[in-house]
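I've put the structures underneath this note.
Presented sequentially are two complexes of chain A, the first with chain B as partner and the second with chain C.
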Partner chain A sequence: MTKKAIHYINQFFGQVGGEEAADSKPIFHSELVGCSNMLNQMMPDVEVTHTIVCGDNYVTNHTDVALEEILGWLEKQEFDLFFAGPAFMAGRYGVGCGLVCKAVKERFDVPVITSMNEENPGVEQFKTEAYVFQGGRKATFMKDDMEKMAAFAQKIVKGEDLKPAAEEGYFPRGVRFEIPHPEGTMAADRVIDMLVKKLNGEKFLSELVIPKMDKIPPAPAVKDLSKMKIALVSSSGVVPVENPDRIQSASATKWGKYDISKLDKLPQGVFKTIHAGFDPAAMCAVPDRGIPVDAMRFWEKEGKFGKLHDYFYVTVGTGTTQAYAAKFGREIAADLKEAGVDAVVLTST
Partner chain B sequence: MRLEMGNFHVKDIVFGDTLSYSNGVLTVNKEELLNYVKEEEPGIITADLRIVRPGDKVRLCPVKEAIEMRCKVSGKSTGIFPGVTSPMAQAGDGRTHALKGCSLIVVGEHMGGFQDGVIDMAGKYQDNTIFGDMVNLVFVADTNEDFERFEQQKKNKALRWGGMKLAEYIGQCVKDLEPEDMEVFDLPPVTERSAEVNALPGVVYVLQPQTQMETMGYNTLIYGWDGNHMLPTFMHPNELLDGCMVSGSFMPTSSKISTYEFAVNPMVKKLMEQHGKTINFLGVIMSTLNVKMNEKDRCAKMLALMASNLGAVGAVVAEEGYGNPDVDYTAALVELEKIGIKTVGISDEATGRDGGSQPLVSMNPMTDALVSTGNVSQLYELEPMEVIGELEALARDGNSGGWEGSIHEDGSVTMENNGMFCCNHISGFSKKTCADF
Partner chain C sequence: MGKEIERAGFPVVVMCNLIDVAKTVGSNRMVQTVSVPYPLGDPDMSPEDDWALRKHRVEVALNSLATEVDEPTVFPTKI
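Moving on to the complex of A and B:
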């Protein structure tokens, strides 16, 4: 069964004009324009139905308006795939393709496929948002680049197994999955091979390349603790015994927020831990050892700090992915800021 | 130290009157074995034995342990698990006979837990565990251990000990037979090696078994000793191959090393094979995994120095687990690299359902040679199959790879890799890896 696709290109390839036409607004063609025809002919199971042509300056300088126009028009179309480019080394074209692909992916959740040269700044900016194929430096690579995009689209619509980024030819999107080892080689043999090569100073390929880390700068130190409103945030899994938000015992995808405004401690039997990564007996007996409300009330009464925030925030740390942890962090931080919390005691297990 | 491993290659297991082995067929008497195990482990209240073969449309769940059936023929130790099911004695010398190409698998009749797993004998996931590709004797039983019946973390003591005792009882049937082939593991003391061998790069195998549970009864055992109470220790590889280690009952099963794999450790065997050819295999540094930062740091620094004192210039580090223990794993690799010892790490990853999470909890660019054996967060879709045990255990009992709703009405299953029994085979058997998409 044929699937439908829509193709986005810039003013130059859309035959509007060169640099002087870079401010042109989106034009929606139901007759394919320029390279869209070539793309269409490459895919037996995909029909390219429309070409969208937009000026590079327009989409990069007036992004919100441009995307609104494009997405608004797409709302009325039926399509299963979205293509943009190839953009070669053209920087603004690459960024334009990336912006449109990202917006289409978010709104319509269809596969979005583009192509750029590795030196195009659009690669770094959008490789996690779309399938960005590794393209040539200039338009003489048009056919080669589109063939890669087309072959991949064919695989998608035929439901074939999609291979890792390096094999398919797109820039890694920042996601990793399990696969059968390509040569079916046992891990112990792979270790020996890597070890002997490393010992002999030969080249070897690590199966997991350690990426650069996000460095989050620590917040500035609190100035006057006695005036600070402090909140308790924890990955200890301490929740009301009925676990009202059904937070998972491992690999959590949720966090909870619970009222402690009338409590001086977390009583046994009222709170418990649901964390599956340690022996829960001690913490269930004294839930304050996960979320130290008792100690915080003590120091609050002593005047050591201003006020304990009326709620604590909690999730389960074990097996919980970094992506979810970061999401929880952003959501909880937003809530804390709104509540005027100045500092946080973060307890872990 | 010299260990002779006499192999008997089992092609099939059948029930019969007399426990015996002949021409590749292991015959077991069900009643005799069940009577024996119930007498040895009175905690076992109901028990059965089943035979499963590769290609049988059978799902085992909840799997608690897998063991190679063996017996000790000669040597210092009188049993196959010294310090555990037989008196403490040194493992790794003399002669041991083993029933190869098969295993004894322990399955809970009803109750599972966080640490238990699934094995499929057919279908898409048959090859995901080595046990799907061998004929297995399945010991499925329930116990009177009511104190942990509804606990998520279970020691599974009666079942695990029952399994070990059965494995040894059955293994006795080849004690007096002539092995079909013999593997010899003969590695002299580090100071008594030839000039040619000493000229090769010295390599150690650093094993980090799962020892993070502070409460006793859950961790990996070394000669029956809870690994939580250990510091890095230098050992002879033969000790591992001869049963000095017993797998624990803690943490998600896909990252576990079963007792079978501790003894049939392919990484140790490959290092032995390379000894005298490409490397000088110095031996095993048995380390630990800990929960406290100062314990992690102490072990990493001590094991690195131990490797250095042994003259190692290369090291293989294996981590039994993921998540928190990644800190110990990366620390060990980094401490070794810091003193100029070239490392290769072997473990699995946790990249999340969407694949977008940091694959290891702790990462350092100095760890530039890593072998990846699987992804604990990978979603698996299992077709319906006949079940030995109780499939509900996956969804009901807090299994690390299952959840409420994991099991569909037709018996098909959606689960995470986390819950498939030892499937990331950190021992080195894994034929999986991870890749960027």
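Moving on to the complex of A and C:
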């Protein structure tokens, strides 16, 4: 059965105009516009039903309003997939595609597919939110870039096995799947092969690629500890025993925030760790060994620091990808900012 | 996670067992913990010693937040 898709493009490709039309509001076409026709023809099992056209400035400068309009209209449509772009090296277009894809993914939970050149700032910002295919630098690559998006959409709707990002041609999203080795080679054999190659100075490809790190300079120290509000953040998996937010015991995709305003410690039987990366007995017996609420309370009462923040923040660190960990960090930081927290004690296992 | 919180402007002290991992991922203030299953305590210790250890290491962590650092720094503990 044919699946339905909706395609988002900017004012330029949507034939509204160039830079002077970049403030144009979203227009919803039930007759396909421009490159949407080409995309539609590339997919035997997917019908592109509508084109959304929106100015790059409008979507990037008035994001909330623009997304509200677009999502509001999409609520009334039926679709199984969502496309945006390709955006090539056009920065605002790339960011626009990313913003819309992310919002559509969050609201409707359908596959969202876009394409950008590696230099497009939208890649770094949205590669973990959408399938961002590696695209050409300019519009002469339109056909090539769309073919990649279309071929992948075909695979999705036909339920074919999806390969890792590098093979499919999109930027790694920081998501790991476990698959049996295609040739059935045991892990022990594979790791020895890698070791031999390494010893011989040959190239080899790790199965667990650790993304490159960017360093950030240390934040300045707090001036007067006795006036500071400090929060506890942890990857130890210590949660209320019923684990109300259903945080996963491994490869977590979420974090929780729990009220400790009336607690002087984390009592056994009220809190426990759900972390699957170690024997939980010692931490379940004394949850403060994972998140030291008791010691923080003690130093708070001693006047060493001003106030312990009323909530602690927690996730499970094992198997959790860096992309998710970074996302949790950003989300928690936003919450801490709102709460007027000054500094953080982060316990990890 | 800690790095993104620090990027947002908060001084962060990471208390963990595997200090090298913390360094690799870009932590700037670090205090070593006892082990992975019981970072701040030890089930083989008496409850009093377990508490003294936790209190001490948390104090070191708090002090680190009030200490300027210009590179990744591990703050030493006594217990």
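The criterion applied here is as follows: the second predicted complex is superposed on the first by the 207 of 349 C-alpha atoms of A that agree within 3 Å, B and C clash if a C-alpha of one lies under 4 Å from a C-alpha of the other, contacts with A are read in each partner's own complex, and residues count from 1 in each chain.
Keep this in mind: contacts are C-beta pairs under 8 Å (C-beta built on N, C-alpha and C of every residue); 3 or more make two chains touch, one makes a residue touch a chain.
From a predicted model like this one, the values you see are computed outputs, not experimental measurements.
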Chain B versus chain C as contact partner of A:279, first or second or both or neither: both
Touching partner for A:195 - first (chain B), second (chain C), both, neither: first
Contacts of A:341 with chain B and chain C, given as first, second, both or neither: second
Touched partner set for A:187, first chain B, second chain C, both or neither: first
Touching partner for A:225 - first (chain B), second (chain C), both, neither: second
First (chain B), second (chain C), both or neither touched by A:166: first
Partner chain(s) touched by A:305 [first = chain B, second = chain C, both, neither]: second
Chain B versus chain C as contact partner of A:207, first or second or both or neither: first
Overlap of chain C and chain B interfaces on chain A (superposed complexes): 213, 277-279, 322
Contact set on chain B toward chain A in their complex: 114, 152-153, 201, 203, 213-215, 252, 266-267, 269-271, 274, 278-279, 291, 313-314, 316, 323-324, 342, 344, 346, 349-360, 363-365, 367-378, 398, 400, 403, 416-418, 425-437
Residues of chain A that touch chain B when the two form their complex: 162, 164-166, 172-181, 184-192, 194-196, 198-199, 204, 206-208, 210-211, 213, 248-251, 276-279, 318-319, 321-324
Complex interface listing, chain A residues touching chain C: 213-225, 228, 230, 233, 235-236, 277-283, 285-286, 288-290, 292, 294-296, 298-299, 304-305, 315, 322, 325-330, 332-334, 336-337, 341-349
Sites on chain C touched by chain A in the complex: 1-17, 22, 24-26, 28-29, 33, 36-43, 50-51, 54-55, 57-59, 61-63, 65-73
